[in-house]
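Per-chain numbering from 1; labels A, B, C, D and E assigned in written order.
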Amino acid sequence: MLTLQSYLTLSAIIFSIGITGIVINRKNIIIVMMCTELLLISVNFNFIAFSHFLQDLSGQVFVFFILTVAAAEAAIGLAILVALYRNKKSISVGELNKLRN
Amino acid sequence: MTFHIIGSILPEVTIAIAICVVILVNSLIRSVSAAFIHSMILFFLSVALFLSFVSLEIPNSNIFNGHYVIDSFGTNLKIIALIASILVHLASLKSKNNIKNEIFLIQLFATLGVLILCSAHNLLTVYLGLETLTLSMYGMVASNRNSIEATESAMKFFILGAIASAIFLYGLSIVYGVTGTLSLELIKESNLLDGLEMRIAVAFIACGVIFKFGAFPFHSWVPDSYQGSNTTAAIYISSVPKIGAFALISRLFLDSLNVMSEFWSILILSAGLLSIIIGNLIALMQINLRRMLAYSAIGHIGFVLLSFSIVNDGGISASMTYLLMYILMTISAFALIESISSEDHQHIELSDLKGLNNSHPLIAFMLLFCMFSMVGIPPFIGFYAKWIVLSELVNNGMLWFAIVGIIMSVIAAYYYLRVVWFMYFEKTDQPIENKGMMNTHSITSIFVSVMLLLIGLYPNPIIDYTRIIISSFLLID
Amino acid sequence: MILDLMIWAPIISGLIILMIGKNYGSLSYSLSIFSSSLVFVISLYALSMYDSSQTGIQFELITSWIERFDINYHLGVDGISFPLILLTTFITPIVLLTSRTSEKSNLHQYLASFLILEGLMIGVFSALDAFLFYVFWEAMLIPMFIIIGIWGGKNRVYATIKFFLYTFLGSVFMLIAIIYLYIQTGSYSIFDFYNIDLSRTEQILIFLAFLFAFAVKIPMWPVHTWLPDAHVEAPTGGSVILAAILLKMGGYGLLRFSLPITPNASSELSMVMVVLSLIAIIYIGMVALSQTDMKKLIAYSSVAHMGFVTLGTFVVFLDHEIASLEIMNLAISGAMIQMISHGLISGALFLCIGVMYDRVHSREIDDYGGVALMMPRFAGLMVFFALANAALPGTSGFVGEVLVILASLKVNFWIALLSGTTLVIGAAYTLWMIKRVIFGDVTNEKINDIQDVSAIELIPLMILAIMVLAMGVYPEPLMNLMYVSINDLSKLVFLGAGI
Amino acid sequence: MMLEYSLIALLSPLFGGIMAAFLGKSFGKNFVNFVTIIGVSISFVLSCIIALEILESSAVINQNIYTWLNIGDQSFHIGLLIDNLTASMMVVVTFVSLMVHVYTIGYMYDDPGYHRFFSYISLFTFSMLSLVMSNNFLQLFFGWEAVGVMSYLLIGFWYTKESAIKANLKAFIVNRVGDLSLILGIGIIFSITGSLDYYAVFSNSQEIAQTELLLTSTLTVSALTAACILLFGGAMGKSAQMPLHVWLPDSMEGPTPISALIHAATMVTAGVFLLARMSPLFELSTTALSFVLIIGATTALFTGILGLIQNDIKRVVAYSTLSQLGYMVAAAGVSAYSASLFHLMTHAFFKALLFLAAGSVIVALHHEQDIRKMGGLKNKLPITYVTSLIGSLALIGFPGFSGFFSKDALIEAIGHADIIGSGFAYASVLIGVFITALYTFRLFFTVFHGALDEHHHDVKESPLSITLPLVLLAIPSVIIAWPTVGPMVFGSYFTTAISQPDAYQIFGYEFTSAYGFLIHAFSSPVIYIALFGVATAYILYIQKPSILHDETYKSSFIYRLLDNKYYFDDLYENVFAKQARNIGDLLWKVGDIKTIDNFIVNGTAYRIGNIANRIKGIQTGYIYHYALMMILGLAIFLAWTILDLGGAS
Amino acid sequence: MLLEVIFYAFASVLICASLGVILFKNPVYSAVSLILAFITTGLLWLLLEAEFLAIVLVLVYVGAVMVLFLFVIMMLNIHAEEERSGFTNIAPIAIFLGLVVAAELIALYWIQSDQFSGLESISNSALSVDNTLLLGTELFTKYILSFEIAGFILLLAIIVSISLTLRARKNVKKQVARDQISADPKQRLRMVDIKRGLD
């Protein structure tokens, strides 16, 4: 039986994977950025699930905008990444520590 | 009707027009001078400010199907945001450090985002306003694109911002799920509040809001982005977005989720208290001036949140008073630092200030004002800010928080004093070069600093102003 | 109005000097002397207007300031604050007069700091609104911080930051207490605070909060350690102001706030206060004995002498059966006179040390010896002030101490005995210093070619000497100025404490 | 008129002193001499007039000059009380002072601090007069301390001399101990009577006597006894009674004129004056009187013994002064104030004489003070010799000399007393008579007789300004007692000022006249003891000096004890003074610096810094740490949501 | 039942793909995992009758955003960094925290929830009838303001991206049309008198 809770649980799992992913790897930033996309998937999942179970369209509208903004965000993020790479010749998470106390 | 709607959002429209005009002018006219762009931006900002004053007359109304609300609270916040933007703009007019004009364009976007946040009355609008602001802040921080520090801090800011925004959205999704609506109005009227699900939602949303304020434990982007970006960006992100965040927290928590205030106030309170402690403690150890100011900003924001968590008109207006005074102080501090920094000396270390009293007595004197104001010594405004927050805390039986706050501000005094110490007590062989000329920029910074004193001598207007705004906000809704 | 003038005239002239003075050193010097003397003249005029037989506040001025919190710009003086204002206006020109003798960088900033400080100090003494009081009280830290920090000695940064943080930490608790009182009364007026009913716990907590602020300022043992550092490192003028006036604010605060607002707590905690005062008198006196730095010695002696102020303030509460209005008047009069007198004497001693420092550039006692041979006129004055510091009858130093001793004798013999030991210890450390510095044979070559005091150094010292002598020989005019207010205060406190 | 006279008498030395101090350097020595001597002369003449006036009319002036301080009902005045006691003190003080002024012209002739010295002694005269003329305790204390200060300044007059400035510091501090006691005594009186005027206090003396002073919650003493003992504590300091006597011998570091003026004739007798002045109080407390008696008698005996082995000419005289002060105090202890005062007066003359004579010898020998280097000066210094002899005879109480009458009277009084300690006191003073004679003539013989030291062949008699005072002082030393002993000791001269039992009834019942007293004295042992002392001195120092050169004598315990002055100096310097500094040092270094400053103040700062240093570690610069922090925050918020659930719903 | 099978199957794939994103060492594999995750998500959304968004997700995300990601990965030649990769020292804490958050959320949804439980999937819902039309109508009427704001956000993204990445390379020859058009023959061509040589 597909209840709302199933969807929410799935979304929660994805969310957790996303945030864990951000923290655990010291590979390159791009993977971290992908993890944020995972987070957004889980949020979208929530919205769409609610929208479906509430029979209300505004959730889907919201998702639409989230997708838009996420695309814009990805563009900006990648632009920053490129700029960073040009300066630093590296996008390793582990080397990103010039600024600290 | 249409005209009425457009009339209500004239400030936003003005900024939007400004954006378009600046883009067009920039790309079409080949050799446009920077001064022209600056004046244009200033002109549009002033027009927007004027229009906001005009729209104070407009009766409260919900427009765009209730996605947008025009009320005195929002309009007043807009006025404040616009004034702050103008000040920031004036303060960063030195512009040698900002060869490109894009940053001012991006600042216009950010201002637009803040204005949207001030009036947004729907979760979607709130989100979009927030993202407008956030994305432009990424752009601002990164705008010094040839610097490792700038791009690195922008990268970090971006990642953390993305996480925060996802967390925030997660919260919004649950709110939507529980109440079945995106409208803040309807959420407020919903009788489903204060269930467990809503609490989860509030916890998530609080994370996003606290991130926006830059309070502990969502503060990490603050020092890096202050340090990494150029001063123009730093002035901006240290001031105007806080107004947006204040609007956000007021609209979401104070207004719509007022029923749950008992719950969220604890979250805000703990974040505020920890910010005061952690921010000030870490600031003690900084030798980079910007980074120090960043941590001090975390401490100040702690006071804003602490006071906000009182959740009554006194506390909230104290919080707002603190915020306004903090913005004034931070603009002043950054502007003064900017006015003595040169192209080849962007990153001001504390030791760079040595002998400032001899080379730039006036700037040093104003920075002295500013630092003592931040410490919270009368008669500067920083004192009234602290005092009014403490008054409200004591008044609401939160004596111990007041004591913690005040002890931390004594500890904080040390690092502010260190600035004075380097400026006044240390001598150096290589003083900062005195260009001698008084430009618009130094005049602005001095103007703001003198304000610190003058408002300090007569703080009535700000105190009354915030009180009126907040009371009307809490009464009407 | 006249108080307004006294507060703002020096501040404004200080700001003017700050703005224009960089290239006009001597002009700003003259201007500063002129404006501070003017303030002194105004204060003398005020003295002539002051009716010492009238109870209550005079020269009162109320203007609304922050309406929302019912904060007023409320000024006024009574017999307790007025003498301290006179002391301030009297000492400041003297300090400014001597400020030029030693070469200073940024002289205009130095002068401006003192002028601003003067205005703020007068503000502290004349504010009748607790909020206003706090504003002046804290604002005063800024110029003092600058003075010690810029023109101080080798270790000035440590000293000035210590001074600032110590006093700041002390006063923030006072702020909390003031806020609390405001919440209880709905007003920031000090006189409204007097009429408030507080529970025992509240009183004690408020008392302690105020005490912390004032104790640091006075300073009382064990929160006194900023003082020796600050004094040692401060420039001469800074030390003088610090010793002569800043310390008095603590004592003034106790009389203005602690006693009338929290009479029960004052009475209940009087034993603690008395013990702390006695520790200050004896312990600090002993500590002063072993100092090798003149300024430090005088600094410690200040702590010991201020011990009499706190002793006088609280001794009467020790024994409720004996306590009477008479004893209280006696003790508080003693405390007040001690404050004024200590202001003159320690100020003068710091000036003396400054005079020597300008010549020899050392404050170490061991570097001196035989100063009397080279500077006979100076030596005479210094010995005189030292004797005054040792509470010689006929000098002002004696009056306050003897009144406090007499009052404590009425309460308890042993307290009087212990406090009286200052007669011996005080004489020992002061005169021992004199013996090694002024008397003896010249051991340091530098002493051999020093000049006696110039007129500009001599005049302030002479004026101070005359004042010290006059107050010692005929203190009645001063007492007459204060008596009515002290009596009112005593009555108020007795009523409050239910004695 | 009397009041004006007294005021002028009081203020003219002040005026002279101030003029000398401020203008002396520019106007020269003659000016200094002129103003100060005129000042003191006026004072002396007026004192005599006043004394005569009072003698005639026995009027008493008690007049407040001005209100010093007024705190509600509690007033403190400055005022004058002129009665017999005051008048006689004034005469003595101004006379000796005048003599010393004159003497100083010669003695200090080539001293660079000439005007300063004159200014000091004039100011001292003023201080002393204000002490004796006071009509209240407070002013008494003023004068009391003022004379102390002048003594301080004068002992340290040669301030480059290390021993002098050490001595003056010691004198001041030891005196301060006494003054502390005095002010406490005054305080007790004030706390009970609420007034400090003599008459007001004396009229309430019964009230004081009935009040109990709480020392602890259970232990009480009579306030009167406590007050009297404390007042006497002040007298002990000023009059150098054991154990506060240590400063007086050291004070001989000062110039000789002031040894004569301050440390023999006037200031040190202030304690005796005080006892006499306070007699209405002391009479009510036998405990206090016994205390006074025992202290006095002890001082009289033991300090006299110390005089035996001193080799410094001035110190011998100084110890003699101590001893004589002991006599006076002891006499006051048996309520024989008049005898005590009488001895004070005669002693002032002959002891000043002896000091000035010693000074004359010192000047003649070019500031040589060691008696072992003297001898055979009889012929070289004839005037000094004769006057010294007169002084010595007066001191030992040789019949007919003034000292005889006074000393005999007070020994008689002590002998008749029956309070606690009187037996001891009587024995002490009798032995003291022998000792006095012994050391006095030891000095006399050693200096003036024996072989002339080869270094001193060129000595000449001192100039007139030195010898004139010697002669002028020698006269009263011989004859002053003859007309005065009757009225002063046995008569009613002091009855208005002093409250004492009728001397005539106690021990003077056989008194008829001065002559009769002289005759009567031969029937008592005192004279014989004194003569025996002189004879012993003659044998030991003229006939067989070899006895004293015995080594066993030098190494004996007693000799060492005496040589070290009963170890009082050691006790004070090494135990009290040194320990006070050690404790001070300890408190400073351990209490202030280590505990409060380093541990609490800087320690707190340090710990905060430490914490901050650790906390700043959270800002590593690594993005995953930042993210972790955010997630942690989120997790805690969520956890709170769960935990708070119980409370909310 | 079928729906459930589909759901759990795709849900498992989604979870695996998500784990793949964070666990693969090579960023290209991660990106491909992410693409897989997006496609699976799209399919799951179809179950929830959000057809338009499902398509948009696949088109926009897989077609544009992920291509952008891959493009950047390729452009920056990132896999050269592989030897540095690995887990952070705080990975255990992070995993623990991730589990805690997941557990907290799931626990809240399942154990305590009263608002979300019992809701079953609705078939034939009104939303699915003409999903795209409905969404479009909403978007251009009710949400017109949001739509405009989104436009500005995209504009912002354009400006920021360009300003951060656009740079004029020095050694690259490029055509500047404006300069070409504005070329003035008079300035380009200079007539010079050349003297005959060999004189």
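Here, a residue touches a chain if its C-beta (ideal position, glycine included) is under 8 Å from a C-beta of that chain, and two chains touch if they have at least 3 such contacts.
Being a predicted model, the structure only gives us computed values, none of them experimental.
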{"item": "Shared interface partners, meaning chains that touch subunit B and subunit C", "value": "D"}
{"item": "Most heavily contacting chain pair (counted by C-beta pairs in contact)", "value": "A-E"}
{"item": "Centroid comparison with subunit B (C-alpha atoms), farthest chain", "value": "D"}
{"item": "Middle chain, criterion being Cα centroid separation", "value": "C"}
{"item": "Chain located farthest away, centre of subunit A as origin (C-alpha)", "value": "D"}
{"item": "Subunit D-subunit E separation of Cα centroids, rounded to whole Å", "value": "103"}
{"item": "Chain centre separation in whole Å, for subunit E relative to subunit B (CA means)", "value": "30"}
{"item": "CA centroid of subunit A to CA centroid of subunit C, Å", "value": "65"}
{"item": "For subunit B, residues that touch 2 or more chains besides their own", "value": "124, 128, 131, 135, 138-139, 142, 145, 155-156, 159, 163, 167, 177, 196, 200, 223-224, 282, 285, 414"}
{"item": "Sites on subunit C at which at least two other chains make contact", "value": "165"}
{"item": "Two or more partner chains touched - positions in subunit E", "value": "88, 90, 94, 97-98, 101, 105, 108, 112-113, 116, 142-143, 146, 150, 153, 156-157, 160, 164"}
{"item": "All pairs of touching chains, each written as two labels joined by a dash", "value": "A-B, A-D, A-E, B-C, B-D, B-E, C-D, D-E"}
{"item": "Partner subunit E, residues of subunit A touching it in the complex", "value": "1-10, 12-21, 23-28, 30-31, 33-35, 37-38, 41, 44-45, 48-49, 51-53, 55, 57-58, 60-61, 63-65, 67-76, 78-83, 85, 90-95"}
{"item": "Residues of subunit E defined as touching subunit B within the complex", "value": "105, 108, 112-116, 141-146, 149-150, 152-153, 155-157, 159-160, 163-164, 178"}
{"item": "Contacting residues of subunit B [partner subunit D, same complex]", "value": "155-156, 159-160, 163-164, 167, 194, 196, 199-200, 203-204, 206-207, 210-211, 217-218, 220-221, 223-224, 262-263, 266-267, 271, 278, 281-282, 284-285, 411, 414"}
{"item": "Footprint of subunit C on subunit B - complex, ascending", "value": "357-358, 361, 365, 368, 372, 375, 377-379, 383, 387, 390-391, 394-395, 399, 402-403, 406-407, 409-410, 413-414, 417, 420-421, 424-425, 458-460, 463-464, 467"}
{"item": "Subunit C residues within the subunit D interface of the complex", "value": "162, 165-166, 222, 225-226, 228, 283, 285-291, 325-326, 329-330, 333, 370, 372-373, 383, 387, 390, 392-394, 398-399, 402-403, 405-406, 409-410, 412-414, 416-417, 420-421, 423-425, 427-428, 431-432, 435, 438-441, 473-476, 479-480, 483, 487"}
